[in-house]
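Both complexes shown next keep subunit A, but they swap its partner, so subunit B is in the first and subunit C is in the second.
== the complex of A and B ==
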């Protein structure tokens, strides 16, 4: 082997090496480029995605703020904005056995101990059933509604399977207060019974449900009315009671209560039986509270001009029938005395002289032949005696028998009688000053002024003395009517009513209190008539609501009855 | 100025122009991202507002429910006994108000004075007096005992054995324990424990 051969061999090997080096360099560069291109592509895709995501985030994700804040159903408030019905997200307690994962044990602790701890938070839950449900691993509600603080306590148990989802709920913060006015919302989401039904479309309308609907109700007055009615009802063990406070100038209903009440937050079979509204749906023969209306019609028609004139007060005989007073009141009475002692005989004679046509027209003008004028859906049709009234029927209607109306009819009629003679429909809506309906004239202004005097006389010196709250100038009339039953009137079952207005020198509000089948108890001195059970309710109610409604008690002020006092010996004592 | 710049553009090199476009594009993307970041923050805040509003609604409703008219009337019946003011409690004007504080007229009967224990400063109002009464030792002791009793009734749940043992001792404490729980339907054991934990 010589040097040349060696050199050549080395030379070709170097060439090969150089080639290999060049090739591998090129390959490496190619790979690097590929990797770089791949990374650049990934970065580009990420960037594009980023831009897309960023641009997309600006578009509407989820619901806009205004829509999210829109309540599921509009709120109902009282006239001062206090919420009476609202939809809000409430907590419920739900057991989700799959929360820990499929096939896993749903609870961290034993069902027995979890049930015991839940029972400590909710003492009214049945621990046995709770334990059974937790042990069986059935998904379901453990409780429909829980308080936020209880929800926190449930979270503190550390059980993931105990969930507290929020659900939209219709809640009545005041509980049973004004239940008959408000009604409730059924499972189908539609309102039932009260203003929930009347305002259903308005409360569900997305464009309008953001603003609450104010009712004419004043929550404080409503509370006082229900308080006093309930107390009065319990004192005389009455079956039920009804009450209403009405603004005489606008027809706005400040309070309307039918007792006993149901709880719209908890609807059950017992509540369903109590949903009947006695104020607008039940018709009663309201008895002597009709007498002032008859007298007003007679004054208006000119039949009664002279208040000193004596009217025959002996029993009235019409055919086979005789109209008597509850107790003998003497041979003659004048009109103020007649109202003070509530004489049937004198009223019958006044109605007779007035005649059926004119009395009937007055009753029609007062809306007694139609359902009561109010928005509530449950409105009773009066028992109206038709077109031709025989003489006897005209007489009995004069003192409130033979025609059955709702207490709301009576309230509207009394409002017309004391406000200057204008009848206006009652309303549950809060009225702005310009929205007050014009109404229709039923009585003359002068008649209305006389009636204020006469009603004040009755509550100062007559049967309404128990309603005469000092300083509030209450005027009103009692009425105790026997309830009709099988085979005539029942002597044992009566409806006692007190219809009043205050303050009588410038009437602002009509108050009606009615008791269904009161009994004679110690509290009512063993009496069953309105003077002893319904009148005291008004007497206690008026001082509670007067200052709230802007009526200041003033013992130095009163309606001027100086021209009538000399005609009544009882008033001079 | 603008025309000059536009005219000056072609004079720039190609690389410079590309760089300018790139910078602009990067700035645009960055700006978009920033804008959208702010937007999503707004969305987050809106969700937060809705959540807070729902919480507020819930709490307000709870408050309204707890302070419902019926509940207040019940408390008033049991605790406070407030009544509607009577007619003579209203005053027409300043003159009538001033008349209430007028010196007694000549020959008027002198106001009836009642004896009372302890020294009371003349200037102290009814509220101050009430506050002082509430701070007194006797009331504090009573309050402590009450809290102790409540705490015991709330926590312990043991049998009546202990009470039985205490009664066998015939001590004053056992008698007191019986008296404390008399008529309440509570196990005598609570009363015993209450007495034992006494001061």
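== the complex of A and C ==
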């Protein structure tokens, strides 16, 4: 009413203008809201777009720091830091028909000439197929791996569509060396077979993969072992070979080889057949190499006290079975002679006197009834005769028949026998001084020191003479066992083993060399037994690895065998 | 209290201040300015300019390396230092213009509209070619008349349209449209499609507010679409840009490079000066600075920039909503449309939602005369939206405006509104 009076006072023309003004202001305000709504809508669209873009971008772009700075998979090295397996960016040759822009001809030159030039760089490529792929404009690999200098040559062709992206590869710089220890990496990026499988989580863990994992392997020892095994295998045309070098005090495996090897850098059908690990996965009846274990158990139990005592060496008759020696050794033998000549009959009588319970317990203490103690995933289960051993079986197990174990079982048992009597699990990891497991006592210290004498005598005067590398004080025992086949033992197929340790005055390393189905050749004087094929391998290997491992040859030092020498006529010649 | 406010602005009060010393007078003017200015808007604008300073510092190395020649090697921060100089000048312009009373601001803007229109006419005759477009004039200093015409155009159009309140039968709508058509035609000759879209948009918004029936605006919109189609058919620049937008373009055109730059940083960005994609981006410091922000500071900061622009636009429109005369409302909305239109078109281009326009991000991008022009726009907006805070007006709430609130409330301070009519009539 205040306004009304004013309006009236101002006259009708003014009133009309005021009305127009009020109306247009009200309408403008309404329309202003439309403008505001429009801007809000546009901003909303922009924000929604940003959210979608962000959801996309998070997945597609940006290199995580871990990926940029760390290897895709951790390195594996030997105990001295020599790389055994590493991540390696390799070039590949990729054809990208869209590189020149969509709808453009993918190649500058004609497919025929580009194919010819590529063929000139890579003579093993099929030029016809290459031409077809280039002409069809199909994206794809032209070649999976190319060398850097070849990548440069491809680049010099000036074809933008020929791309050479780098891809992370698992590279084994040592080639086939220690292939069974390392294993390989499958297409899914997970490790297979060897330590690649065991350490898979560790090698892929971003927090730890920058640090290489050292194995217990010493690459120089591994190389020597494989070299000698291969040579020995070829000399006697054996099917395969296995070898191991084990630290007797820590259980670290310094070398482990199963021959023939595969190449983890190039996996193919042939390689796949060779991936079986003879050292840890294949079980063998290892024959006479078991005899020292039986004797050690007998000494430990007090069954063998007098090394001058003569044991009956005539064939043993148990029921309808007869145990013979491979050749007649006389009517009686003492214990040192029995080991030197590898007498089955005396071992059977010692085992019989020891009894199955005590022999069995020693075998169990040595881990013979379980898979071998090592990290590798491929571990064979022994053929173990069960709880109740009949008398005959007890006798045959005494000389290594009727129980089948892996070469690694034997190596660990020998380590326990010579290191003072402590059994320790074998390991592929490099152990720091404080990490050595305590182990378990299997033999007395005194038994162990007796066994050093006996093994040394065997390799000096007995079947192991071919392994006696001068100055290295090798002590060891041969074993030649017929392989079981359909319908009993095969006379033609044998497994010959030499199990040794050196230096015998203070044993440091156990060395096992095993040949699968060796033949009699001129190199082995037409003999098939371990004395002629496996023992020489050890004899050549020890001088190669001894200096590397800190064992110097010394003719003036040896284990004291003066108390046993008078008992053995052969030693006095 | 309201009467006191009105009295505070009476000539008598001014006479008192005129009697004081010049320093005191300036002080009094500044105090009035500080009370009347839209302080939140000023703060938001300063914040955005701060973001612009950092963003240009981020983008400067990319552009400096790209534009360095064998003769002239630009230092990495060349554009950053230049930008600081221009921003200082711009800020001065902004504050100076915002100090003007509304009437003076209007007069200056209308005068400038006239001058710049003439300059725009001169561009085809004596224009300088830069990057293949005739947009520049060189009178000692080089500038784009269209940049300065934008704010002046909005104010002038608002002024012309507000004549209707006094002479209802003036053909202001037709005059406005004719003027706009001439300006757009001149811009198309340059060619400058982006600015043409802005002018058309500002004209459309002002006509909308001036009360042109929505149906007729729809016809205009259809005509605009037809014009765009014609541009596509007859106009090479537009065709190539629209083609590139629709067809995706080649893998190495600007939009695609900008897109990859935007994506490179993810949500949180690579970090300041750690971006690498920006180095392959042309116009990193101007047209595609939004993408550079995306790479180095992340998409979250991009979203913040979008929200900041929206808040500025809404703040300015709210202020216009409260205005009690048509000219203020129209001019404020027109200037807001110039600012917001450029900003959102640039952002949508960077987000691949709009064809590439060759338009900078106002207040953020590097620019010489364009920074001054944008600051002038904001200064005019601040000046025109100046309002005596003691003179609180009653504006109908939203519910009343849409007839949802049936309560009749008598506006308590009618007198104030009437008093302002008197002042309007005096002009």
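Keep this in mind: the second predicted complex is superposed on the first by the 502 of 573 C-alpha atoms of A that agree within 3 Å, B and C clash if a C-alpha of one lies under 4 Å from a C-alpha of the other, contacts with A are read in each partner's own complex, and residues count from 1 in each chain.
To be clear about the criterion, contacts are C-beta pairs under 8 Å (C-beta built on N, C-alpha and C of every residue); 3 or more make two chains touch, one makes a residue touch a chain.
Treat the numbers as computed from the prediction; the structure is a model and nothing was measured.
Colleague: Counting only touches as set out at the top, which of subunit B and subunit C does A:522 meet: first, second, both, neither?
Modeller: neither
Colleague: Looking at A:269 after the superposition, I want to know if it touches subunit B, subunit C, both of them or none. Which is it: first, second, both, neither?
Modeller: Neither: A:269 stays clear of subunit B and subunit C.
Colleague: Check whether A:470 is in contact with subunit B, with subunit C, with both or with neither, and answer first, second, both or neither.
Modeller: first
Colleague: Once chain A of both complexes is superposed, is A:207 in touch with subunit B (first), subunit C (second), both, or neither?
Modeller: neither
Colleague: Would you sort A:432 into first (subunit B), second (subunit C), both or neither based on which partner it touches?
Modeller: neither
Colleague: Counting only touches as set out at the top, which of subunit B and subunit C does A:219 meet: first, second, both, neither?
Modeller: It touches subunit B, and subunit C stays clear.
Colleague: Scan A:47 for contacts with subunit B and subunit C and give back first, second, both or neither.
Modeller: A:47 sits against subunit B and subunit C alike.
Colleague: Which partner chains sit in contact with A:187 here, subunit B, subunit C, both or neither? Use first/second/both/neither.
Modeller: neither
Colleague: Would you tell me the residues on subunit A in contact with subunit B in one complex that are also in contact with subunit C in the other?
Modeller: 47, 50-51, 53-54, 57-58, 61-62
Colleague: Could you please specify the touching residues of subunit C with respect to subunit A in the complex?
Modeller: That would be residues 164-166, 168, 205, 208-211, 250-251, 262-267, 270, 299-300, 302-303, 306-307, 309-310, 313-314, 317, 320-321, 324-326, 329-330, 333, 337, 340, 344, 347-348, 351, 353, 395-396, 398, 401-402, 414-415, 418, 421 of subunit C.
Colleague: Going by the contact rule set out above, which residues of subunit B touch subunit A in the complex?
Modeller: Interface residues on the subunit B side: 29, 32-33, 35-37, 39-40, 43, 46-47, 49-50, 53-54, 57-62, 64-65, 68-70, 73, 84-88, 90.
Colleague: Under the definition above, what is the set of subunit A residues touching subunit B in their complex?
Modeller: 47, 50-51, 53-55, 57-58, 61-62, 64-65, 68-69, 82-83, 86, 88-90, 147-148, 166, 171, 173-177, 219-220, 222-223, 226-227, 470-472, 543-544, 546-547, 552-555
Colleague: Spell out the residues on subunit A that touch subunit C in their complex, using ranges where they run on.
Modeller: My answer: residues 2-3, 6, 17-18, 20-21, 24-36, 39-40, 42-43, 45-47, 49-51, 53-54, 56-58, 60-62, 101-102.
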